[in-house]
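The first chain written gets the first letter, and so on, giving A, B, C and D; residue counts start at 1 in each chain.
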Amino acid sequence: MTVRAAVAGASGYAGGELLRLLLAHPDVEIGALTAGSNAGSSLGEHHPNLVPLADRMLVDTAATELAGHDVVFLALPHGHSAALAAELGDDVVVVDCGADHRLNDPTAWERWYGGEHPGTWPYGIPELPGGRDGLRGANRIAVPGCFPTVSSLALAPAVAAGIVEPEAVVVAVTGSSGAGRALKPHLLSAEVMGSASVYGVGGAHRHTPELIQNLSAAAGGDVAVSFTPVLAPMARGILATCSAPVRDGVDAEAARKVYDQAYGDEPFVHVLPEGSWPQTSATVGANTVHLQLTIDWDAGRLVVVGAEDNLTKGTAGGAVQCMNLALGLDETAGLPVAGLAP
Amino acid sequence: MTVRAAVAGASGYAGGELLRLLLAHPDVEIGALTAGSNAGSSLGEHHPNLVPLADRMLVDTAATELAGHDVVFLALPHGHSAALAAELGDDVVVVDCGADHRLNDPTAWERWYGGEHPGTWPYGIPELPGGRDGLRGANRIAVPGCFPTVSSLALAPAVAAGIVEPEAVVVAVTGSSGAGRALKPHLLSAEVMGSASVYGVGGAHRHTPELIQNLSAAAGGDVAVSFTPVLAPMARGILATCSAPVRDGVDAEAARKVYDQAYGDEPFVHVLPEGSWPQTSATVGANTVHLQLTIDWDAGRLVVVGAEDNLTKGTAGGAVQCMNLALGLDETAGLPVAGLAP
Amino acid sequence: MTVRAAVAGASGYAGGELLRLLLAHPDVEIGALTAGSNAGSSLGEHHPNLVPLADRMLVDTAATELAGHDVVFLALPHGHSAALAAELGDDVVVVDCGADHRLNDPTAWERWYGGEHPGTWPYGIPELPGGRDGLRGANRIAVPGCFPTVSSLALAPAVAAGIVEPEAVVVAVTGSSGAGRALKPHLLSAEVMGSASVYGVGGAHRHTPELIQNLSAAAGGDVAVSFTPVLAPMARGILATCSAPVRDGVDAEAARKVYDQAYGDEPFVHVLPEGSWPQTSATVGANTVHLQLTIDWDAGRLVVVGAEDNLTKGTAGGAVQCMNLALGLDETAGLPVAGLAP
Amino acid sequence: MTVRAAVAGASGYAGGELLRLLLAHPDVEIGALTAGSNAGSSLGEHHPNLVPLADRMLVDTAATELAGHDVVFLALPHGHSAALAAELGDDVVVVDCGADHRLNDPTAWERWYGGEHPGTWPYGIPELPGGRDGLRGANRIAVPGCFPTVSSLALAPAVAAGIVEPEAVVVAVTGSSGAGRALKPHLLSAEVMGSASVYGVGGAHRHTPELIQNLSAAAGGDVAVSFTPVLAPMARGILATCSAPVRDGVDAEAARKVYDQAYGDEPFVHVLPEGSWPQTSATVGANTVHLQLTIDWDAGRLVVVGAEDNLTKGTAGGAVQCMNLALGLDETAGLPVAGLAP
């Protein structure tokens, strides 16, 4: 079976990473590549790394160009996917890397993004409890945000098992590709290199409600989350330091067991050997999340640290994994487990 | 008045930064420069940036070499300062950048460093409540650790004012110069560049008890702290994201007022204008801490973010500031406020 | 004597570096700060490192704002300085960090910049042969480009002494602040970090004719130069690798003597001890050029490597040095010799 | 056909990259992994990115461990391969990533490495003129150095076609992984980040004679080469700026034709579209070399710029490509063409 896939928003970072992965996918043939203002240029101008596709022309992001594919990946700013998906029809699998269909709660949508809720699609973190149920055979998929992917995987087992209080603190260091290719002064290289900075502090980042939604679902009740993203001078990678008050009677062995049980059979989520702590370089270009945990007895908190590549497992790799599930392919097809380091 | 200053451990990063600052200090003349295994080589081999001192020879770190100076800065591994100081006598001001004399509690010392407690010296964060009292005229000073400097300044006003519960979470991103010039595999450039990683997780970092000591003193009671350091690909800088549960009845204005009152007259601690958040590049090479705060009402936490240069305000600049206080010089003499950016 | 200085183009990188240096200059008081589209905002929004000037408002770049100062620094795109200078009158010292008045040859100007030649001003590399003559007492100064500064200083002694053939190859690695604060896709941090790239290859960079002009003047005849700039993932610094065929009969000792004689008395140009090679970090924030040379006998070429901080000696520091000369101040006033490293 | 491959020196960077590629090779099964002082530890301790091999134990680098494999990759310091290969016998394909068997000339060997010449093996740049001849069916292969790979490919067509004089200047910017995992002070992250530096200036780098050998072979006569390596703050990548005096009568079109003819059919060497210039990020993790050229008419030089990943095409990818040729596999098997960017 060969799946014909289109990528909308191919000139951005998420689009480029999708294409890098799809080029190596044994079951995929790459079809239309679309863009907004970059339509009319060649892909090579935007992604000189994607040599085999260098001469491909970018066409307008329009349903007419995207129709006729088995799968359409949307790597667009939020607000575009609902209308496009409606035009594409139900026999096309639409995998949305944007935010439109991640939040269940229309009120949350209105607060964080504004306007009418575009509806909820099956949510793309297969490794969360019951995560694969909605994805197998789905024709609409909401790929999670890069921060919620690693942070949810880091904390969900603990809140689900009730070994921590439902109030978490997450500080996640990210590389700058997470901000996309937008021309903003604070993303200029001379600003970012040699500096660490924060943004979206105080729960102001739009990935906060998504993380709360995931953890509350895992806990079966409300979980409060204080989330702070930190920009570090690197292109790729997220390192999330997550903690929550540990409940009485929990010990290190029990905590570890919770994580081993949650992820022992997962191909992409690795609880590292004791004594090893995650580093983002080990996940670069791979569809993996690396986790480690400990209990800080003085502070009374479980600390879980997770690493991922924001563009791979955090966006494009997660999207391809979901596509594999949706189409009944091998879930791991085309997805690297070995990262590129150093 | 010209102060004659010696630097022990001049070939390391802290020693180099001390010399960079002392070269520009209007009241200081640089005397003996000592080293361990690097004794016998010129300073220029280790610090090619310090052109005016390039031909100075490093001599052995010994009291005989350090005697006869008004001030001796110790930038040595812990365990060396007590004996050296005893040999130097009381009329020499000894400013120790190492850990030996920071902790008040012998039990804490034994747990974190092992062996007998070397005794406590006046602690060098002038901007903490009452911080200048012990420093003015002191002949022994314990320069704080780089993480405790910025983290204590970020949280002390809140715990002192009682606007938060006494349980804080601190995740601090640091550049790699904080680890010194030791030849360790994980500090190799190919490992660090392009990667974020954690270490000392779960309260295992030796700066944890120092931070707890500072915050507990400010609070007048025990404060629990979960502290996690994150290594980011930059040479200098610490960005500390600090939070604690906000107490009922506190609002944003009240919180801000607490910080404005604490630091409004401080020459080196700056609460940024509302809407601006700290970035480490703004503090590079300067003796400053930049702070900003907000309340995350959903999570119920006060979030305070602080930035500093770990080598300047976090070590050598703080040391010079303390020397100024000890000797009755202008506290700000020789200390830059403008950082080097980009 | 206190000099009142204005900076036009204060929100860019060159403007920021000028202000960082002027803040520490013993004889300067900072006056008007102007900007183009950033007029109306505070300086702190653009340079959070410049704490003492954070609240200063940027006004329009106009002669009315710049008048009434002793010195006006122009850090503007090329094409603006001639008209502004004319309005300011002859009793104001105008130091232009832009390209307008660097080239002597109207034909070269037209080829490289287009339009009518704005005229030539005294050229601001004091350390070139006869370089100080035109600068002392000048009221108009053309600050050199960042690449020509270090490359000219690296090669001028050799071509002046005739120890090499007049055909040089220069490959200069630069940090990205040299490109200014322009919002261009290839300057985004995710593009620059982890990558080296070239631009302006084949003699297409506008600094090429300026370098040729300097070397030809030093040689007293035409010098051909192949110049290639390379963008490396760092914020500051230029490392120029320069070479030319060595003439018969020249030996290493003679070559070294040429450089020692040229720069032995210079406060800012340092020929490193034999065996030491320049690194840009040793010059960060300092007004220095570090040089080293050797002869490659197999290839028959003299190789000279130079390092500088493109924003300091390469732009703003060079500008302040020229101002000092123009006003009869100590040439080294306000200019750091010790770099900030690591 | 499944090839069983061993890697000697598996804990270093070259060994890790070999394993990353071999894991994805359709025809290879990974056998013994050996190390020197790291023998007895697990691979995961040294390469946490290689999750599928994390539990593999490193054994001693000894012929007894390496015997019984179809292919043995040697990623060892120079001086070890001849004896090991002799013990392994002729039916094992030995691919040496070290320097031992690259140089043809015993005198050159003695000058650059010292001691007796270990003999010459078929040299592993298939894309050089006649480069595949000695590699097909070979049982001993000398993988080239990382600098000579890209620099030879950049200049060989020009010297072979006689469009330039046989005297080249090469300045090559490299990431720090090229220096391996050795614990040397100048490779510490705080030294490398934010700095560019040179080493091996004046023809002192050991890759110089190899590059001269390659270009002289292509030219059919002596080629002089001035080679300077520059260390830049990135983990991977080489960008080589190469130039030579262009001969009379050559024009841009003719020069371009020479390169198109040389590499038009090559799967891994790409002459970029006119106007595009190489950047190392486009080759990260890929077995590719990207080239672009122009003529600088003022300087009278052909300028060719090449980019590669020093660990992939520059070492491990080149080694796998040679193995493919030696064993009669598809030359491109297991070798990525799409780089990982940003």
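Simple rule for what comes next: a contact is a pair of C-beta atoms (placed from the backbone, for glycine too) under 8 Å apart; a residue touches a chain by one contact, two chains touch by 3 or more.
These are the chains along with the protein names UniProt gives them: A, B, C, D = N-acetyl-gamma-glutamyl-phosphate reductase.
Note that the structure is a prediction, hence the values are computed from the model and not measured.
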Superimpose the Cα atoms of chain B on the matching ones in chain C and note the rotation angle, 0 to 180, in steps of 5 degrees. 180
Pick the pair with more C-beta contacts: A-D or A-C? A-D
Please state whether the interface between chain C and chain D is built from the same residues or different ones, using more than half shared residue numbers as the mark of same. same
Between chain A and chain D, centroid-to-centroid distance (C-alpha), Å: 35
Report, in whole Å, the distance between the mean C-alpha point of chain A and the mean C-alpha point of chain C. 45
Check: chain A positions touching at least 2 other chains come out as 13, 175, 177, 190-191, 193-194, 233-236, 279, 281-282, 284, 341-342
Building nodes from the protein chains and edges from chain pairs that touch, which of line, ring, star, complete or other describes the result? complete
Residue numbers on chain B that touch chain D, as the complex places them: 13, 175-177, 179, 181, 183-185, 187-194, 233-236
Where on chain A does chain D make contact in their complex? 13, 16, 19-20, 23-24, 44-45, 47-52, 54, 177, 193-194, 235-236, 270, 272-273, 276, 279, 281-286, 288, 290, 336-342
Across the complex, what residues on chain C touch chain D? 167, 169, 171, 173, 175, 190-191, 193-199, 201-203, 208, 212, 224-228, 230, 232-239, 241, 243, 277-281, 284, 292, 294-301, 303, 305, 307, 341-342
